[in-house]
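Both complexes below contain chain A, partnered by chain B and then by chain C.
Right, the complex of A and B next:
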């Protein structure tokens, strides 16, 4: 169950992050990195939802590409507002996910991982060879920054080029991430989340008590693809360009690793994992030639000492003892 | 002149809750189950027994729709459920248990039981997501039902234990708790006594009887003859995929066909 004070705590935290960080951080570069980490977190949350039903989804890069291209094509070719385009991007990605999922979700384990990985590559190649429609290898550039969003003549969101674009992008990434977290949090805390975990632990048993596993797998995968599309759509507008190599197989793999690093038992897992790894590597650019080595060692260490992710530290024995000594309630997590 | 309507004494005739009619399953040239028929009456404890490799497990899978029969029909509460998807069969009220390797490993006993209540709710997915009135009512119902089931299966004391840490006997009770969570009319138990010592067997017999008293018909597939003899109202014996006997425990014990089938096994296995 989500307690309302936890929701308030989350909303305040999100607000402090979204409003506070632009005041403290003046560097455009750092603001950009934080915004990218938030965007990637949204996509990683989609991968997390598929992990929640026990499927390693290496197709999130493809859904991000689909979302990015939908925004790119709709805004540059047809002059659609970004705000409409990103919603459409989410739903088109979800539709692609549902159609793909109908065929492949009965696969498990390494087979599902491999076929989604192939899908990432297939989408990249399709976009590369899409001719004028997708812009080929160069992709689509000069995507306009998000314009004004008004309702009944009242401006809800100002045009990004009328304010500090970098700050606006950062705020947008933060708001989208907060919404994505709320969505996943609610799913995992309500009975649907319980059923997802049931399916993760034994589909056969879940089915035996009446769960329509085919249907729920599609639901989880569809929402995951939706988040992939939203994240991709955000990047298209933030970077003002899309190209086939924008998200590839390595990105799809990283997105799943982010989830494992943060902890797949926690809604915040993919977000924490993404920020830790993505920011870590951005700030350690001098050591880039060692990136793969560090990555690998980190993952090995994680599997040995923290198989349930960084957030499982909150349930470690010494923290629990500390909490009980100080009379606080035990660690709570949704999921 | 008044016509006297004869009043039959005793229990009213009970309708069959499950009818297995001429069911066969062939794998290539091998007949695993051949032309088996029987009826399970509402409110009874019914057992399928047979020597190893007799086709009990296959028959079990055919009834629960994990396998589709080559021939024949499975009729549950007057409805043909042959070849229906397993989750629909469960939703109609026929729920099976598994042997204990199939569990929700990382859930506690109470979580696993609550989560197994999926079909009992009225709210749809969106209703659950937005916590509609129906969803809140469902949650209250599920809490009450979970409470009742844990009490019935003597699982209260281990409610907060993780499934993977439970001893075998409790694990099997948890399997039954999860099945009961789907509010079955007919509960199918897959070898509920396998590997149990006599104390655990006694406890399990008590649990199965209480489940029946709560209004659930029980059918079990079992190898442990003495326990079956003590517990069941009626028994079907199969061997080499065919039904060789049907009747109350006393009839089964003295049936020559059954004794022949079990020839070569220890006498005590028959419980004679």
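Right, the complex of A and C next:
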């Protein structure tokens, strides 16, 4: 269902963003918040995958914490390379997600939302009380920046401290995000994506026509947790520290909000939502003590004006009329 | 030990007010109100303002909290929830709207009352001794008022016409509408009552625990625990959940180090819900 010209369009867009932005943007600050928005988008995409099977997942903060701590412990204590550690972080988060999911994925609605919210708090408190292993309230600091990755003596990725670290972090976040979007896009466009939509509408009906819903729910939740772990692992290396308060319930809720405000009917929804709201919050800094107020007003106004997300604008009447007059079927907007 | 149990009872009575408000809003709207903790905090601040700053009697302060919160609750429904519920494709949107409103309310509280921690010292003299525990009279007042409100709420829901209408909406919204009930009005009333209960809890507990503008989310999470423990949307469940949490919390703080209490509570809650997802009293699956 994905047309190859759409994939090319996406790859070119991603390449322009990853390569082009560091040339245009000189400010380290702006590069930093763009990189953070990309990192959060990866975690939000994980929440989006669980939304795709009709579950509000408020546990993404916990999976990001798990991923972050795996990277932190592996790189600082055992001297493991970041590149191996982040992959391991993703898989450990996924394993935690699968084990948790086996118990809780039959729950729905607020029950699932609340149990995952409890999980976010439980993980934070466990890390806080983890003693020397997790470093307690202070967490783990002095995480090394990613080192060189070479294959057969050929350098594939240079050590981050040998190049401009800020640009390197930005590029890393962009590449990871592009991969995460491709993964979710691929899932939503293949047969499983269609099955997910049917599960959103009625799990019983999907089951009655022979869909193994138990299996698919675990797959979706596991991949979502994997993305949470990857995102958390990225932040551990980018900020060079992790601590229990790094991701909490408010973050877990925000991540789902990003998905909704971007539009949960679209793969790009979580990414659009995250960039819009996260960057929006940063740029509202000029309002000083009114920053939070302006941000929350903006958010509530968006929810009332576009309850199905910013991307649902593409289905608004006037845009559809415009398209039909100009003979476009909307192919450019699918990515 | 007795001291911890009595603290648990006082906490439980006030938690019951929060849990009842939350469960009422859930039963009516199918929404877990993420702004519940912020409503509680606002209740605490209104009482602080009327009692300490304006110097009016405590009774007036409590009533002021109830009235202000009822108005805020009604407006929440009329201005925000009604619109989003009508137009959204997914019902979870209203949960997220509540999270957005929580942030909005929190920033308004911060701007209106400042970032300082505020408490109220209730000047009721006397200390009661129950077995080997000492209970200040002010806590007895708080406990009695909270229990009175719980009983009044139950009587209201069981024996008055608006109470019956609210229960009917909780059971089946569409059928109730077909009987000629003004659903929009009563949803607003339900939201107002739920918010007022949160405000009352804040108003009473501000005499024991100080409030600050940033604590709303933590309070919401506590209210969620009680409601999930008892069974979402069930009045008796909310009360049971509130007292269980109050007791466990009081005992935990007496015998466990710091934040371990809540670690135990959350792990326990997850395990409990995996085994019994509908809570102690609830219907299956919600």
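Basically, the second predicted complex is superposed on the first by the 310 of 335 C-alpha atoms of A that agree within 3 Å, B and C clash if a C-alpha of one lies under 4 Å from a C-alpha of the other, contacts with A are read in each partner's own complex, and residues count from 1 in each chain.
Note that in this section a contact is a pair of C-beta atoms (placed from the backbone, for glycine too) under 8 Å apart; a residue touches a chain by one contact, two chains touch by 3 or more.
Everything numeric here is computed off the predicted structure, so don't read it as measured data.
Look at A:29: by the touch rule set out above, it reaches neither chain B nor chain C.
By the touch criterion defined above, A:219 lies against chain B but remains apart from chain C after alignment on the C-alpha atoms of chain A. In the superposed model, A:186 lies in contact with chain B only, and not with chain C.
Looking at the shared chain after the overlay, A:257 reaches chain C, while chain B stays out of its contact range.
Of the two partner chains, chain C is the only one touched by A:290; chain B is not.
Contact comparison for chain A: of chain B and chain C, C touches the greater number of residues.
In the superposition on chain A, contact of A:209 is made with chain B only, not with chain C.
By the touch criterion defined above, A:197 reaches chain B but does not reach chain C.
Those residues of chain C that touch chain A in the shared complex are 26, 30, 32, 34, 80, 83-84, 87-90, 92-93, 95-97, 99-101, 103-104, 106-108, 110-111, 217, 221, 224-225, 228, 232, 258-260, 262-263, 266-267, 269-270, 273-274, 277, 285-286. Of all residues in chain B, only 64, 85-88, 90-91, 95-98, 102-107, 111-112, 114-119, 121, 125, 128-129, 131, 135, 138-139, 142, 178-179, 181-182 touch chain A in the complex they form. Every residue of chain A that touches chain C in the complex is listed here, in rising order: 51, 56, 103-104, 106-111, 113-115, 117-119, 121-122, 125-126, 128-129, 249-250, 253, 256-257, 260, 264-265, 289-290, 292-293, 295-297, 299-300, 303-304, 307-308. Those residues of chain A that touch chain B in the shared complex are 186-187, 190-192, 194-195, 197-198, 201-202, 204-213, 219.
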